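Handing you this structure, nothing more for now.
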Amino acid sequence: MKYAFYPGCSLESSASEYRISTEAIASALDIELVEIPNWICCGSTPAHMSHELLSLTLPAYNLVLAMNVGTEGVAVSCASCYNRLKQANHAMQDPIKRGKVAEALGEIYDGTVPVKHMLEIVSEIGAKRNLKDLVRVDLSDIKVAPYYGCLLVRPPDVTNFDDPEDPQIMDRLVEVLGAQVVKYNFKVECCGAALAFPQVEIVKKLSGQILLDAKESGADIVIVACPLCHSNLDLRQRDIEKYLGIDLEIPVLYFTQLMGLAFGLSPRELGLEKHLISPDSVLKRIGIKV
Amino acid sequence: MVHNKISSPSFLEEVEAESGEKVRICYQCGKCSAGCPVGYAMDLLPNQVMRLVQLGLKDEVLSCATIWLCASCETCATRCPREIEIVKVMDVLRRRSSAEGYPSAVREVPIFVNSFIGNLKRFGRLYEAAFVGTYNILSGHLTKDFDKVPAMLSKHKLSLLPPRIKGISRIREIIKRVEEIEKK
Amino acid sequence: MSDRLRIVGFLCNWCSYAGADLAGTTRLKHRAEVRIVRVPCSGRIDPVFILKAYERGADAVIVGGCHPGDCHYVSGNLNARRRFLVIRKLLEFIGIEPDRFEVTWCSAAEGEKWAKVVNEVCDRVEALGPFEAYKAITPPVRGPVKEVTTGEE
Amino acid sequence: MARIGVFVCWCGSNIASTVDVKAVAKAAASFPGVAHATDYKYMCSDPGQNLIRETIESEHLTGLVVAACSPRMHEPTFRRLALETGMNPYLVEMANIREHCSWVHEDKGEATAKAIETVRMLVEKVKRNSPLEEIRVPVTKKALVIGGGVAGIQAGLDIVTAGIPVIMVERSPSIGGHMAQLDETFPTLDCSQCILTPKMVELSQHRLVTLHTFSEIDEVSGFVGNFKVKIRKKARTVDHDKCTGCGICMEKCPAKVSSEFDRGLSDRKAIYVPFPQAIPNKPVIDRSSCIWFTKGRCGVCKKLCPAEAIDFEEKDVIVEEQVGAIVVATGYDLIDRGLYGEYGHGKIKDVIDGLQFERMLSASGPTGGKIVRPSDGATPKTVVFVQCVGSRDDSKGIPYCSRICCMYTAKHAMLYKHRVKDGKAYIFYIDVRAGGKGYEEFVKRAVDEDRVVYLRGRVSRIFEKNGTVFVKGSDTLSGQQVEIRADLVVLATAVTSSHGSRELAQRLRIGFDQYGFFTEAHPKLRPVETTTPGIYLAGACQAPKDIPDTVSQASAAASKVIGLLSSDELIREPLVARVDEKVCIACFMCESTCPYGAIEHVTWKDPETRKEKEVARVNPGICEGCGACLPVCRPKALDLMGFSDEQIYGEINALSDLVKVIHDE
């Protein structure tokens, strides 16, 4: 299985561990990821807030590049990039928008390059072969709260990802990996997303609610599929604790890292040391030396 | 409110044309507002924004804080019974507000957006170090998030070198064309 | 009198014919060129009727039926609507100006609409002039009935 | 040789002031086939009619053209007159020279020319008219009612009052419908069971009623006055002739499933009656949950039944009935709540729908009339009601308003407050639609006397944590987000068409809308009729309706049935289509075009060649005379009486000047 890989900006820097762990599980699952050469930023939220055409042209540019890689489609790790690429594909069904984008790009993009989030790719593989066979480490002691956030599942007619109100892909993955799934109420509530920079107070409140609900529902860790969510839940967790006036101390892992752990990869290979909230205590519990 | 003195009688049509959404069919059920995670911080709830657009009350809506606080989380649009993509409407309002020089009720957000876009134009990809720097200087929050920098550096989560990609001149050209087309 | 325009109107009994009646009861003056043939439903109108009317020298034909969805006979006018699209193409094909053919959905309450349509079509056809060309272009259509001629039976 | 009489009316000055009536009569007299033409002041008046009558006789006329007002006005008058004189009424035509001429034109010359041409067209038409006889169809004096809810029961009772036998088909094991599930009913808060049960009993015991419960309609053929119906009586597995209704079987049956009647709030057995007051009050076996039928063992009921009524071998039986009219009263369903993931469907026990709340309120219901939280049986202190769940929602639900939920939600909140005095009741609404008699007052009472709090906004999300249900809504009037921590949430879910309604409509050949509700012939003027003659609608199967409207419509449908079946024969206008069997090539294009299903397949023997072939036949009892089948018939085997091809070509060809032109060439 070969995919054109679109890492997105965050995986180049602040989410480097997401990239490392994604590549690690990709090789464990025989997914060949060919990075799209010279890909550029998808524009993220600021682009659609300020320039509609730019917010379509940037993803289209990347998708055209991806076509040249010659694969089954584009694999994306970041939920925000995923959303933007899907939005562009969706918008290309409108001939007027398609025309404008073609004018800007100097070539026609018809919106047909398939875009998949790594979670979808993993779940497709899971449907074909038993991922349990790859599990080496017993995770049955850890309670995991899967956090999906906004941009994977919404708007449903664009992303067409899973049940927008109660998605199950990560829940099922956690089960297959042998850990316990925590049912809680905020798995698709917004973490504050792009307001991270300009409106920290809002992020503290929204992300705080999510972490608190996960914690109160018994979660040892939260897993995410988006660098933006991760930065809000992990990087800002100390600020959130201050804001809420309580200790949360709840490690936030990428789902790829949890998979890697289950498959027996070392914390180093998964970049687990990079989180601000250290997962060490959890690792110890499953018998991993840190 | 004297309705026949609204600031812009064609405002509704303009917003509808640019967003591609039928704001007029909003029947003010309030489901968007009920679920908006940021609603508690907004000066107008999303349904009120829709209403003001319907009434053509342009000044009120383009100078509100809500359009800048909206996190584009799509919760509202996903549940709107009239299938209105509210974020697309918010996007149009944000753009109009900036373009027409309305003072932003939440000044950090447009600065954030502009810093991001500026950064993107220069490097093609987000150069986080430069971006954070620009944003902090422009917003006046000079030391914002500096407490996170040492840890991020030590964990190799912040790259101090700008990204390098081939064909950056072509990218700049495309962005320029985008801007020209948008002006038309 | 011979340069007077002649327009044939096929009107369904329940809507358009009644609409034309209403134009009368409300005394809405309009032009006098239309000769009305009453049919139960616009779905009854055979395309050959229309061609026949041209062949007989009509300068234009108006077809009137109930509004789509309001048909007295459930769906007759939907059939008709499909058929008239084809007719319009056929007319174009044989060289009859499309302006000489009008389909209108006119309800029993739309006397005003009927009067307006009549006036519009008359004006339009007047501008086109009488339909002299029919001799050259109307295909020989033959109803199942032997031709009726004037003079004696 | 035709001898047509033309009678030109002045209509006082109505016609005569714009049309030169004398000139019209004079011109008409010269038309071929016209034996006599004259004018008169008022043709419709007694002297006018006498003039016509005398002329018919003296001139031996074979047809009439009355040039006067619109045929929609006086055609019946002149046709009746013809009949009186012994002339076939269908040999009369009217030339409309008033509405279409004198009243709408000003130029006397033009108007007169138009009048002359119009008369000429109708002369040519009437020459081709044939005498037609009214169609008489014998009538079976018996009615079928499909669906045994309050609509069906009311219609049935009204029909038998007129002495007409009724066959009722109900698909569930008991009649009663949704009304049997309700507690007290708005706007008067009378007890639903108390007013419905006597009607159920009266109907079931009436000597003219045949009740088929646990039965469905398999096939309907025929037409108004003469429908043939095949009814499938599903195997009950219990012989009701032997069963005494003692109930031992139900007590001992080990198989439990959730009760449909109590909407999952209680269990029933595999052998069951749906509710204590059911009619008939004898059980049936639900084979899908019976252990005997699913696993091949058990048989407890059979062993214990003192009447030996259990028959595991019983098969479905098809009963054939002949009826003259049909009332469809199949009611409604509620929308699938699963569409609303944001309301925690299937996950939160303490979120229920309105019918579940009704069952809870009901004294004979699963909780004995106590309002409790399904999760722990506690009395809820805060109840949130959410209106418009699924209704008025283009996105996930249905776009229309369900019409009853505003009212029953007010009722629910009221009844809750009556029973839990210190409880709090909140209602999220978008609009309160209380258009009926006494309805607005009812809603006001909920606010005034029972202190129900209305919040204007939809709810975005409902979730549960540690036994508390969180309801996130908004109040758009104050511009606030509202979060309520509730013990119980009641959703007013949308009313949809009854499942299977589309299939039933196809079997009956009646129309249905995109939502599966049956369509009435005209929303205002024929609201209880379908476009298929002889089939009528009652109750919520036509559109969401409350009980007062349902019962009104049921009585209206019954009066239509009684009217129809009051005579021995149906008389229909003979303006129907006919097939020339010789020409028909049996392509059946006509069949697919006819909106009424009037085309039948028959075998026909050519009287000359004595060869048999299949041909189309128009059933004159069904044909409405629309003529839609004519243009699709390639070989022109079809014709329409009264508007035949020949008649219409006659009119077209009669445009006299034009014809002359043709002849000049």
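By letter and in written order, the chains are A, B, C and D; residue numbering begins at 1 in each of them.
Just so it is clear, a residue touches a chain if its C-beta (ideal position, glycine included) is under 8 Å from a C-beta of that chain, and two chains touch if they have at least 3 such contacts.
Computed from a prediction, not measured in an experiment: that's the story for all the values here.
Between chain A and chain D the centroid-to-centroid distance comes to 54 Å (mean Cα coordinates, whole Å). Centres computed as Cα averages put chain A at a distance of 66 Å from chain C. The distance from the centre of chain A to the centre of chain B, with each centre set as the mean of the Cα atoms, comes to 22 Å. Taking each chain's centre as the mean of its C-alpha atoms, chain C lies 35 Å from chain D. Residues of chain B in contact with two or more other chains: 40, 75. Counting partner chains per residue, chain D shows two or more touched chains at residues 342.
Among all residues of chain A, those that touch two or more other chains are 164. In terms of inter-chain touching, the protein chains here follow a pattern that is not a line, ring, star or complete graph.
Two chains count as a pair here when they touch; such pairs are A-B, A-D, B-D, C-D.
Across the complex, chain B is touched by residues 342, 388, 392-397, 430, 456-461, 472-476, 479-482 of chain D. Chain D makes touch with chain A in their complex at residues 341-342, 347, 463-465, 470. Residues 1-2, 32-33, 70-72, 96, 98-101, 103-107, 110-111, 113-114, 117-118, 121, 124, 511, 531, 575, 593, 595-596, 624-628, 630-632, 636, 640, 643, 645-646, 648-663, 665 of chain D are the ones touching chain C in the complex. Interface residues of chain B facing chain A in the complex, by the touch rule stated above, are 18, 20, 37-38, 40-41, 69, 71-75, 77-78, 85, 87, 91, 94-95, 98, 106, 108-109, 111-114, 116-117, 120, 124-126, 128, 135, 139, 144, 148, 151-152, 155-159, 163, 165-167, 171, 174-175, 177-179, 181-182. Interface residues of chain A, counted against chain D in their complex, comprise 163-166, 185, 213, 216.
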